[in-house]
Amino acid sequence: MAAVEVELAGIRLRNPFLLASGIWGESGESLKGAYAAGAAGAVTKSIGAEPRAGYPNPTVESYGTWGMLNAMGLPNPGIGEYPREIGIARDAGVPLIGSVFAGDAEGFAEVARQMAETGVQALELNLSCPHAKGLGSEVGSDPAEVERVVRAVVGAVQIPVFAKITPNTADPVALGLAAERGGAAAVTAINTVRALAIDARLRRAVLAHGLGGLSGPAIKPVGLAVVWQLYEKLRIPVIGVGGISTADDAIEYALAGARAVQVGTAVAFDGVRVFGNLSRQLPARLDALGFPSWAFAVGAAHPPREPSSRSPRGGP
Amino acid sequence: MRTVVPVVERIVETPSTVTLRFDEASRARPGQFVMVWVPGDDELPMSLSYVGARKGVTVKAMGATSRGILEISVGAPIGIRGPYGTAFDVGARRILLVGGGSGTAVLAPAAEAAMARGSRVTAALGATTATEMLFEGRLRTAGATVELATDDGTAGERGYVTGVVERLLRSDRYDVVWTCGPEVMMQKVAAAADLAGVPVVFSVERHMKCAVGMCDACTLGPYHVCVDGPVFPADRIAALPEFAHRKRDPSGRLVPT
Amino acid sequence: MAAVEVELAGIRLRNPFLLASGIWGESGESLKGAYAAGAAGAVTKSIGAEPRAGYPNPTVESYGTWGMLNAMGLPNPGIGEYPREIGIARDAGVPLIGSVFAGDAEGFAEVARQMAETGVQALELNLSCPHAKGLGSEVGSDPAEVERVVRAVVGAVQIPVFAKITPNTADPVALGLAAERGGAAAVTAINTVRALAIDARLRRAVLAHGLGGLSGPAIKPVGLAVVWQLYEKLRIPVIGVGGISTADDAIEYALAGARAVQVGTAVAFDGVRVFGNLSRQLPARLDALGFPSWAFAVGAAHPPREPSSRSPRGGP
Amino acid sequence: MRTVVPVVERIVETPSTVTLRFDEASRARPGQFVMVWVPGDDELPMSLSYVGARKGVTVKAMGATSRGILEISVGAPIGIRGPYGTAFDVGARRILLVGGGSGTAVLAPAAEAAMARGSRVTAALGATTATEMLFEGRLRTAGATVELATDDGTAGERGYVTGVVERLLRSDRYDVVWTCGPEVMMQKVAAAADLAGVPVVFSVERHMKCAVGMCDACTLGPYHVCVDGPVFPADRIAALPEFAHRKRDPSGRLVPT
């Protein structure tokens, strides 16, 4: 059976599947539940300095089986309350990646510092929420800002820092390279794709916020493109996310260059048991496709490159 | 999934409670809820008080949004997502139903379904005052034995409905107790039923956003009320520290109930 | 029955449905065929200065009913040969919008001038092809470049100029405003969304070019978001495109702010007869939704705005 | 839609022509084509020479890609999209089949299907030389009367197959003529059949990219060969100025054939 363990910025994961930020990650019990169901670890809900209620409902719209639109508005209990939740998951042994957001580099550094103190293994910077004004996407679409934020956080904490970037950009590689220059240990791609739903009968936008972010199967090709592009140019590992609901989806991300993957919307479609299914099916699917291990599949769809052009990618 | 339908009937049930009926074809089971969207305002979870093709929700005036729902007139369009969540198992033979206030809304269709299958239903209904008593007539018409309690004694016993429940549990045998109302009330009902050795099923409420088990807004211990609930065997949740005492606000913070 | 005629930059259209660029628009007979099937007019394939063979196959990948990925690579016979094709469609009375592309403002102006001479009613500048290097998307993702290109073309021709913008940007409004400043008569949104498909069995990207563009139902929410955002800030009309296959899809675009719409991928799913279906169904659907005309629906999902904040939008 | 399958059989039909067989479950009708993707190389349209669950394409060495396909060995994976396009109507009773070179590939499964339904098939096959004659044995085995022509006279009549066709049309009666080969040949066949009052069906080739009627690469007059063809009644296309004389290159320019 193909080995599926992953090493990511020094963190050993029992499989490549992490719970994506914003799904199930607001409470400690849920983070624990995702791990119990089979995930290798969990990214927390994006946490900010203060509690935020998020946008009013409707906050989600679903498109049958191919997609989901949401504008939650970054609800979160605030970094003051959140250590309690982290504690519950940490005590259960869940490998945790603390997601944080803020409006500028200083804000990021401060909330990241507090998040790091809770004992998470790594941080993920949400530089990419497509619908929260002043929080994320504006910062996250300017490479100079991305570099500044990442550098500020890397300077403030002792644990690896991942930068989560937006697909709503002309040039994802510029954002990834900026994160790398800033000292990021990995880049996570992608967040949701800016989108909107209209109800013709009610003559209005469906979500209370208007604009939202598309997730689920429809964005898998979009995420694969970004991961592909990042893998070509970055030396740090890429974490793939967007539309993964089967082991084959995950393998496609690996082939495009993802060292690990995150799963979000599939939890709404299949329940958290999706992590059990994914981790059970992965070895068999790798075997069937002739890959001796997950690590072997990472980047395998890219044409062979000059050995000198980038650092070697070990595995698992 | 989501549909927009006109309100086809509006029934004033009590001074503070209105039922809105609408035609929506999905299959729903008693206990399940829908997300009701009042265009331009919020979208709220509401248990189905009628589960057939002509569905209904029975709404009590609370904050601004529920008051807004109350004022919706016949013909106005509302958005409906669902039905979502777990349902009552209507196979039990002798059922004690305990409704506090608008909690009776979700119990009534379950009671009707059970009685249609030959079950015997006794309903203990509580309200602040006689005019606020919900679905007393509906349950009697369906064949239930109904016992009442009001805070001010204007109907049935004076005091909490839990007193009535204790008496009923002593005087008769039941296979199951279904209850929906304030969580402290449900906890007391569970304690009494425990003594009598009768299993209890709760219908509970938590703040809801996605309603599809994704956003974590509705967590209650290890459960997500939108998919694991709202109907739960009491023994899974009654002892959780987050039950009756605390709930999560829209930011996910634990706050006192 | 609701009226469905549209006035777009002085061009009268019998309904809001135009054939989108790159679908069926390489030959004059096909442009004519789309009109005969019911389209109000047709946008040509994007034409450049020289003939281009495009990328090798595979050039398309389809995702069941919800999407299509392509990287054609802007094949076109070149503006030297193309007047022959235009002639066939023009002689049949088809309202034509000539789509052109080039690598810089001067190139755009030159090919646009030649296209204008063929007798098309308007031009559409393809500033947004997501996968052809140096042609479109690089130019099209920089507002300053967009403004420069549009201004150069507007100065070179006498007919209305539409700017087609990309969704692969942090800020579509900046691109739309740049086009408006440059003198565009309308903005067309959106082109395809950058995406990629991987085949795990073959361990490679499916399309010969690697990156491609996603189209079809999955991008409707993405297109609606861009149209919504443009409508909020632009004075010139917006032409909506992306995932339209039913009259209701088109009405959603109208509500978001589209004065007219274009239809592309639906032709692959339903054949060109989709234009007949759309134009037949539209009046009835508008009636059912209570709109006295298409023009009435345009922008109707937006909150009422200050009368002074933008120019009035007449119709049809 | 698209699938990747291993080649399970490789049959050398002539010195320049190879059949690759593969198992693919879609339902295909004789006349339809698939897009065959040689990973790392191009993707080309190929008529199905076998239409059952074990499908086949019969490829003639032309340019680099087709030569690449010829060299694919058993076990190697190929990509298949399709089947696409129109098919032969196999209901006719007396069929004259005219194949020029590898054109016979698409006619053979159609002839087999027709004969299985009781039709009588006469096949006039042309090739440059005897060893390049395709599917002569296959057609005879299926019960067809086969007449040959070669440019060098090494099999059957010396000269073009059109000579054979004219003779056959004079000496016997047919309900339909099916033909696939060089367009000038097909045009001559159509002219002869016209004189004899027999309707003709062509299978034609154009440069293909999307194969789903979207990209306009394969236009032939008002038609898209990938969806309106490749099998056409001759009277719809024989007189088009773009038939036999011109075709579109990959840029969409009209070039001489």
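In this document, chain identifiers A, B, C and D correspond to the written order of the chains, with residue numbering beginning at 1 in each.
Simple rule for what comes next: a residue touches a chain if its C-beta (ideal position, glycine included) is under 8 Å from a C-beta of that chain, and two chains touch if they have at least 3 such contacts.
Keep in mind that this is a model prediction, so the values were computed, not measured.
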Note: chains that touch chain A and chain C both are none
Moving step by step through touching chains, the smallest count that connects chain B to chain D is 3
Farthest chain from chain A by C-alpha centroid distance is chain D
So, in whole Å, the Cα centroid of chain C is separated from that of chain D by 38
Whole-Å distance, C-alpha centre of chain A to that of chain D, is 51
Note: chain B residues in touch with at least two other chains are none
Residue numbers in chain C touching two or more further chains are 201, 204
Contact graph of the chains (line, ring, star, complete, other): line
Every chain pair meeting the touch definition is listed as A-B, A-C, C-D
As the complex stands, chain C meets chain D at residues 22-27, 29-30, 32-33, 45, 51-54, 56-62, 64, 68, 70, 72, 75-78, 81, 84, 199, 201-202, 204, 206, 208, 264-265, 267-268, 271-272
Listed in rising order, the residues of chain A that touch chain C in the complex are 63, 66-67, 69, 137-138, 141, 166-171, 193-198, 200-201, 203-205, 210-211, 214, 217-218, 221-222, 224-226, 228-229, 248, 251-252, 255-256, 289, 300-301
Seen from chain B, its contact residues with chain A in the complex are 1-2, 4, 35, 37, 39-40, 42-44, 77, 79, 208-217, 219, 221-222, 224, 227, 248-254
